[in-house]
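Letters are used for the chains, namely A, B, C and D, taken in the order the chains are written, and counting of residues starts over at 1 for each.
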Amino acid sequence: MLTILFDGIAYGMVLFVLGCGLSVTMGLMNFVNLAHGAFAMLGGYVAVLAMQRLGLPFLASLPLAFLAAALVGVVLERLIYRPMYTKSHLDQVMFSIGLVFMAVAGTDWLMGSTQQFIRLPDWLQGRFEVAGIGIGRYRLFVIVVCGLLAVSLQWGFTRTRFGSRLRAAVDDARVARGLGIPVNRLFALTFALGSGLAGLGGALGIELMGLDPTFPLKFMIYFLIVVTVGGTSSITGPFFAAMLLGVADVVGKYLVPQVGAFIIYALMVVLLITRPHGLFARARA
Amino acid sequence: MTMPVLETRVRQALFASRRWHPAEIVFWCLAFAAFLLFPRNLLLLNEIAILALFALSLDLILGYAGIVSLGHAAFLGMGAYAAGLLAKHVTADPFAGLLAGMGAAGLLGLVTSPLVLRGTDLTRLMITLGVALILYELANSFSTLTGGADGLQGIMMAPVLGLFDFDIFGRTAYLYSLSVLFLLFLIARRVVHSPFGLSLRAIRDNPLRAAASGVPNDRRLAAVYTLAAAYAGAAGALLAQTTQFVSLDVLDFHRSADLMLVLIIGGAGYLYGGLIGAIAFKLLQDLIASFTPQYWMFWIGLFLVLFVLGGREMIHGAVKAAAARFARLGKGAAR
Amino acid sequence: MSAVLQTFDLSKSFGGITATDHVDFTLAKGARHALIGPNGAGKTTFVNQLTGVLRPSSGRIELMGEDITRLPREARVKRGLARTFQINQLFGTMTPLEMIALVTSERLGRGSHPFRALDRDLELVGQTAEILTRFRIDDIMDRRIATLPYGKQRQIEIAAAFAARPSVLLLDEPAAGVPEAERRDLMQTVAALPDDVSVLLIEHDMDLVFRFATRITVLVNGRVLAEGTPEEMAHDPAVRAAYLGEGAHA
Amino acid sequence: MTVRRTLLGGMLGLALAASTSGFALAQEAVKIGLILPMTGPFASTGKQIDAAVKLFLAREGATHGGRKLEVILKDDAGNADATRRLAQELVVNDKVSVLAGFGLTPLAMATAQIATQAKVPEIVMAAATASITEASPYIVRTSFTLPQASEPMAHWAAKNGVKKVFTVVTDYGPGIDAETSFANTFKEAGGTVESVRIPLRNPDFAPFLQRVSEAKPDALFVFVPSGVGAQFMKQFIERGLDKAGVKLIGTGDVVDDDILEGMGDVALGAITTHHYSAAHDSPANKAFVEAFQKANPGMRPNFMAVGGYDGMKLIAKALDATKGDASGDKLIAAMKGASWESVRGPVKIDPDTRDIIQNIYVRKTQKLGSELHNVEFETIKDVKDPVKARK
């Protein structure tokens, strides 16, 4: 039972890294970027290519996945995302679905439609037991990496100048601009960071969720659940939402596999009805 | 201005918005003429008519009441399965199936309407999506009833009105679907120009003021959500009857997403948006798919991106100019 | 003079902040009553409770003797309580004609009718036309509201509230943001409201308040500081200290 | 003068066409409507079959029974409504003589009615639910049926000391098919079975594998759509189930040749039963695999490709037999009982069920040189679809 809890946490951690970038960009720019998964996929493919073609070790390919996704994120933000900020939510949804379609078909064309795989280094394979709890090495690795990320993100968000400016801009971009905060640059940076995190999550998630060109479509729903349930104004909200979903999904499927498919959707609907502004949202006028 | 004069002007102004525009008449004439003009493409036309009805349904809630939805496929699927099961187990009459589809989907709409009354756009998108996903899983789980992933097999339809059998060329199918679309369109057209329709627009424009003007927002939204659900159910029923088959795909996410695209392409809030969008979407899909079967998704995506980035104004501008020319022509002919 | 609108011990707090603090208030029939107070005194919060936008934490609201504390917004409108908003709340895509027609159709109970054509409804047409003339917006009735100048929009805001034929009309800063040139028009509109409508005016503009009101309530920190005729209020030392003293009107 | 001659020639031609249909038929190509998922989650199926069909035309020529084969490829993206409409359009507008392809069961089912109505043979090249061929008398299958592949697995397991099996299948038609046929056969052979089903959209297998791990079975029987097989295998190893002595068994879908190489060593040792492996040891297959890889660098032919190749072979054989007459009833009659030496071994179309009779091989995933392959080590000859055989 504890093993399954552990599995769920690892799964939730990956969901968090994948989704938290989306929640920040959504909170900051009020932009519904359904194409977030495409950045995650990009990171995943970069990691796969780095390992297969360049022969890089797994650990070296992770930062590469982050950088590649962040770079593409910043370029796209400059070029095509910026004009979208002022448009309606619906336009943004359409726009980003269009991007997803292009990413899916483009990846299919470039990389083929098959599943991609990576080979983990030996020290990350297999499992060991502690007090009767089976612990997968890779899952432990994921928990440690994502845990550190979450802590440093939370620290960066609450303790640094960048973080306080970011929070100010999320609260009210106009006022922040008036205070001399370079909101546009902040947008670009945040977008890059969010995309990069997605890329990293994509690379980390290959082992747990697989990777093929339909990735952005398949997991769009999961990211969105994390964001809508977690709210868009903090790091802790999406974190707990991702944990909750990860654990509920895994434990639920373990205990009652018959209704496994319904659990997260039902959970999402219930949460949204009872807390329409997210689990940890501050009351807004 | 004296009162009687003003009253007349008020009446005229109110009448103007619901008057039949010549371009509308041309549109429907063309739709029916397509039966003779494109005898090789009746199946595609049938799909367009069904998608148009489905889009009309979304337009009722999105364009007129401002409710966004990423789960409209739930109602399409409900209608399709209800009509399919009725035909398989009870009666093969098409109209009975149509009513069953509308009824079942409408009921689902009524039951789920409280869920979409609250929250922001984003919450609504997610909740509708969640409902559709749950329905999808339910349909998959109850495979003894629905056929699960194999689809609902063995639907045999009786002839429409006892006269017109569903043929392999899609002749009956297209005329049947188009007639249902036209009829439901007429009803929708009346509804949006009624006091009820006006109150929906009021809620969409400004819910705060609508309530302060005496509009019971929640009840009206629930009513139109139910109506739209029934419309989507009708589209589902038509789909089940004309293809004599229902697959889980009717409940899939991409149905809802495509539908949004259709309405965005055509423009929401004037009833014809869904119809025009459906035509454009299907033709585009068909065209691109015949060029590059593998990668049509890419081109659709590119089209969408460009469309939102700035192409829409161009296209809608062109449509408006064309409509204006039609109007002038129409008036010229009338004189 | 009988009361049309009364609150009893009305309170509202957000978290730790008390925005409305045990307010007992009475609006008399046919009154021209002004509610004034410095920024943040809780005027708008008070109005929002009266109209049902906010639910009071405790206390009671009565409209013509009926307890309406828990009624939804639209039900209060049906019972004769209409309002305007501090910031225009209009139907941007509609024409003034459509907006007035909407309010009229709701008042006549037509709103849930899905098939009737608006122009065939002579009662609706007549009453809509009457409002359009009364508020002198008949010349612009065909234009999209969003494209009209601000002063006109302000007029429509009042016209739309009045079209509900209220017995109590709450005007929340009707002159706010209206340029000087269009102000006179607006003043006339307010002054010309029929006598059988009881009016509660929430306003910053002291000119308007003293020209219009026969009775004034001063709200400070969510509490009623004083109430009386304009004359009394102008000379009340507490009011002067707390409010007027701060330098006329901000 | 010239005008008159051409006119005369034309009339003569018409007259000839009317009298001897053979002449006109030779002029006209036989159109084959190939409907495949070329996009969407099942695109890999479409690509394999498409490549195989092209390879067939290149290797064995496009003219059979005196008539040229013309393939019209359509993409249904795995969407049943689209399949049905495309089939209908192909029949009505393009006047195809044969419909082929069908990557998934619902796609094949959706088209059954059209095949019956239009009397056009429907060649199922991939979909594997047993009941498909019963949906229309015009359906012929060149792939396999799931019970056909999974029952031999149950026999093999029972014979080789496996007492307790845990089955894990994806919760949709083919998965349930595989589960029931395996479980029933294995129970009859005296074993015990526990089962769990995985939802279609499921990213993480941890909860299901954990149940397996706690049940401590001798073997785990798995059926998942071929795309997610690798994921499953990895987590199987990660959870240490292999070390706990649980054998991984299943139908060949989970160790699909198309993705086997990418799975890596986690696939090693899996025991599967299937009708085709790219490593099948025969000269014909070697040549086939070589030609396939030459035409499609980086791809390895899998069982989908063989289904597509043999589907074309069947059409060609039928046309040979009818001497170019492509009317549906004649083709179907010619297809019934047809047999040939496929690259997978000898195959025959069962004249009663129109389903394929073929050898099923028991294979073990091993390294051949540097590449992973499913190496066949036992052959069960001439297996009919057991579900229909029992009827």
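Basically, a contact is a pair of C-beta atoms (placed from the backbone, for glycine too) under 8 Å apart; a residue touches a chain by one contact, two chains touch by 3 or more.
All values reported here derive from a predicted model rather than from experimental measurement.
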(message) Using the contact definition given at the top, which chains are in touch with both chain C and chain D?
(response) B
(message) Based on mean C-alpha positions, which chain is nearest the centroid of every protein C-alpha shown?
(response) B
(request) Could you give the separation in Å between the centres of chain A and chain D, each centre being the mean of its C-alpha atoms? (result) 37
(request) Could you please state the distance in Å, as a whole number, between where the Cα atoms of chain A are centred and where those of chain C are centred? (result) 48
(message) I'd like to verify one number: the distance from the centre of chain B to the centre of chain C, where each centre is the average of its C-alpha atoms, in whole angstrom.
(response) 41
(message) Two-or-more-chain contact residues of chain D, please, as numbers and ranges.
(response) 39, 43, 171, 199-200
(message) Residues of chain A that contact two or more other chains, please.
(response) 105, 108, 261
(request) Provide the list of chain B residues touching at least two other chains, using ranges where the numbers run on. (result) 137, 140-141, 294-297
(message) If we use the touch criterion from the header, which chain pairs count as touching?
(response) A-B, A-D, B-C, B-D
(message) With touch defined as at the start, can you tell me which chain B residues reach chain A in the complex?
(response) 62, 68, 70, 115, 118-123, 125-127, 129-131, 133-134, 137-138, 140-141, 253-254, 257, 260-261, 264, 294-298, 300-305, 307-310
(message) List the residues on chain A that touch chain D in their complex, please.
(response) 3-4, 7-8, 11, 105, 108, 112-117, 119, 125-127, 134, 136, 138-139, 207-210, 212-214, 218-219, 222, 249-254, 257-258, 260-261
(request) Would you tell me which residues of chain B are touching chain C in their complex? (result) 1, 3, 6-7, 9-15, 18, 190-191, 193-199, 201-202, 205-206, 208-217, 219-220, 223
(message) Which residues of chain A touch chain B once you look at their complex with the stated criterion?
(response) 32, 80, 83-84, 87, 89-91, 93-95, 97-106, 108-109, 217, 221, 224-225, 228, 261-262, 265-266, 268-269, 272-273, 276-277
(request) Flag every residue of chain D that touches chain B in the complex, lowest number first. (result) 38-39, 43, 73-75, 79-81, 84-85, 88-89, 91-93, 105-106, 109-110, 112-114, 117-118, 129, 131, 135, 171-174, 176, 199-200
